């Protein structure tokens, strides 16, 4: 299994490398781009860039410098925020995004799986139909519609939760953003678990488990759940991608100081270094997720572990 | 669908979508207000079916009904163009990969695998930063959304169609690969292609609204549903209808399109 | 071992007038029709029939394993207690402990992601309230009983690491853990190689000799059943058509269907034939059954009455040999 993992890692790293390289050269090649000589930049920024990128050096040397700096976790200076480096901004924003993203994922799994299992066990019941109908809505409606709507109901009308804003350590400010973020993956996971569970329950080995006189709880938890979750494991990487994408909008609406909001601000301000840094972070995260999911697959199904 | 029963839910959803599209198209003739005129007498007015503005006005006094319809039109127009782009690209790519087979196929599919793993939004944002917010870039980026899945599906179908006798016959009669693909392979793909196209359209609408919401998509003076929702989010506490109307329309549109797509897919793919 | 029926003891399993039907999109399928049969303690009853004869569904109903689309009416008494339609908690007290079942396909009958040891031990943990350690030791002993080589190693392996024959032995071992009164074996050898078949049958024979366990052996293979059964019950189109002691039935089949089946069993000692004998016609489709005897269309002895009046299972010549036929041979 270790060999399997290393093989996957070896495949993933070049992808990241290609992304970074492509982005690097794209920035330099673009007309009207940041390195275009006609651009007039404030002298401090220009000075920062000069030091960071050695703009008088040939392109290949610049590339080498950039990659070297990257290896040290240095993303260069921000284009717009003259007092900050991109690395600092990332360090500030990452924990926030990580917090809401992880919470959203946990809620999506923690509610989605039991919901799907319940629907499977009570197939064709009113609860099943209701849950699945709501799931369709939850999947289709985008987070930038859901979050303001939730804010309207729970914030403006009911005054239960704050509509936007952020205080370090505050839980109340996280509730609505996390709900808006977790909703689409939650619904997808619920539907997936339901379908998968229904199929697993038709298996011969489940029939054997019942024939042994095992109670339903044991049959579901010990015999049916793990195989039923295999498709969900496959969905984890897309789920994280969905949450990452959603965080852009959710952080912007709710005013949360995470890297999603920085990315959006950076895009609107044409802060190239910032955006590039964010893109690299997000890509790296996603690739890491892909690897983690691979490992999870192997654990879930022993047949893969032994390479059959 | 050859007589398969189409579930009632999907039929209702389809009707809803058709209704929305119809309203969007006849919109300009239905209301006396246009999208740009500023009615200073009724700034941020509450919706009233009897008054001058059926669904209220926004912060600048623009009629919300007219604006929403315009937004709907823009969103649908972008979706159509982008769908056409992604369909063409996807079908072409997939058909070529499937027909060529061997190493070409292998590499073309690997390329798709790599691309599918990465969320497009980040690259689009990156590109808007570099190239500025041009409308062409927008169409290109949005069109890039659907073609991956379409290419995969088409490639799979092409692989199976390739083995059928009439292809052999065409090859034997000396037809070139391009001709064979165009005249024989593509027409046989149409069924599943239509199904997946209906599933791609809501994705495209979503993507465009997302970008527009963030301010990176459709620019002034045009407004899509995404832009309108962004405006509404800002006015939420004082004038919630500015958010609710376009938000509601987008939500209904997406939900119904998804239901129709799901229904079609179950009916066609479920049969195979 | 003399069947306890001779001594007048109550049956371990008493199926009375059991009918199982399935609601389908195109109508109702009556898989089992008013089946009545008894299994006495320590006896081995062979249930023989073609696919679609209802032999498997009868015992699915006994075990409470029918699918959601099925409904069963009638009576099934296990050791005197009615279990058909009993609440699941009550059923689970006997299922897997005193009333056990071995299924046809060992490849798919074991949970792929759980170790063999766990799948065995959990039966004991549930039914005998043992600790996991004690249960694993008992599992080890049962594996040795069914002659699984390197039993200790097998406990830690996953099902896909075992051969088909070994998996079936594990299944049998699993059924023996709590000293069952009745073991139901549904086509236990059909999915296995011929050589392995013989081994499995040997194990069943040995287990029977060691204990007072009754066995129900379901099979389409009359020859296989003949090797183990004390009594044979023949089913056709959901009904019991003949029931008799094994020697009796094999020597003198009374129902035309059984007689035809017997002719189909190849006999190495008989002279070579030009053609293998087979039954003319097809088993009836589950929907198109009329009022008369279901076998009538294919029966060489059928007469007018057979098509209009359904024969009832009754004793032939006042013996323990029963048949459902108007004109028994």
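Observations on the structure shown:
Going by the order they are written in, the chains are A, B and C; count residues from 1 in each one.
Just so it is clear, contacts are C-beta pairs under 8 Å (C-beta built on N, C-alpha and C of every residue); 3 or more make two chains touch, one makes a residue touch a chain.
Note that the structure is a prediction, hence the values are computed from the model and not measured.
Traced through touching neighbours, the fewest hops from subunit B to subunit C number 2. The most central chain, judged by C-alpha centres against the centre of all protein C-alpha atoms, is A. Interface comparison, A-B against A-C: more C-beta pairs in contact at A-B.
Our note on geometry: subunit B versus subunit C, Cα centroid distance of 58 Å, whole angstroms.
Once the centre of each chain is set as its mean CA position, subunit A and subunit B turn out to be 23 Å apart.
Our note on geometry: subunit A versus subunit C, Cα centroid distance of 54 Å, whole angstroms. Shared interface positions of subunit B, defined as residues touching 2 or more other chains, are absent.
Listed in rising order, the residues of subunit A touching subunit C in the complex are 203-205, 207-216, 218, 222-223, 226-227, 300-303, 306, 308. Those residues of subunit B that touch subunit A in the complex are listed here as 114, 117-119, 121-123, 125-126, 128-132, 202, 206, 209-210, 213-216, 226, 229-230, 232-233, 236-237, 240, 243-244, 247, 250-251, 254-255, 257-259, 262. Interface of subunit A with subunit B (complex): residues 15, 19, 23, 26-27, 30-33, 136-137, 139-142, 144-145, 148-149, 151-152, 156, 163, 237, 241, 244-245, 248-249, 252-253, 263-264, 266-268, 270-272, 275-276, 278-279, 282-283, 286-287, 290.
Subunit C meets subunit A in the complex at residues 63-65, 88-89, 91-97, 100-101, 103, 105, 108-114, 122-123, 126-127, 158, 160-161, 171, 174.
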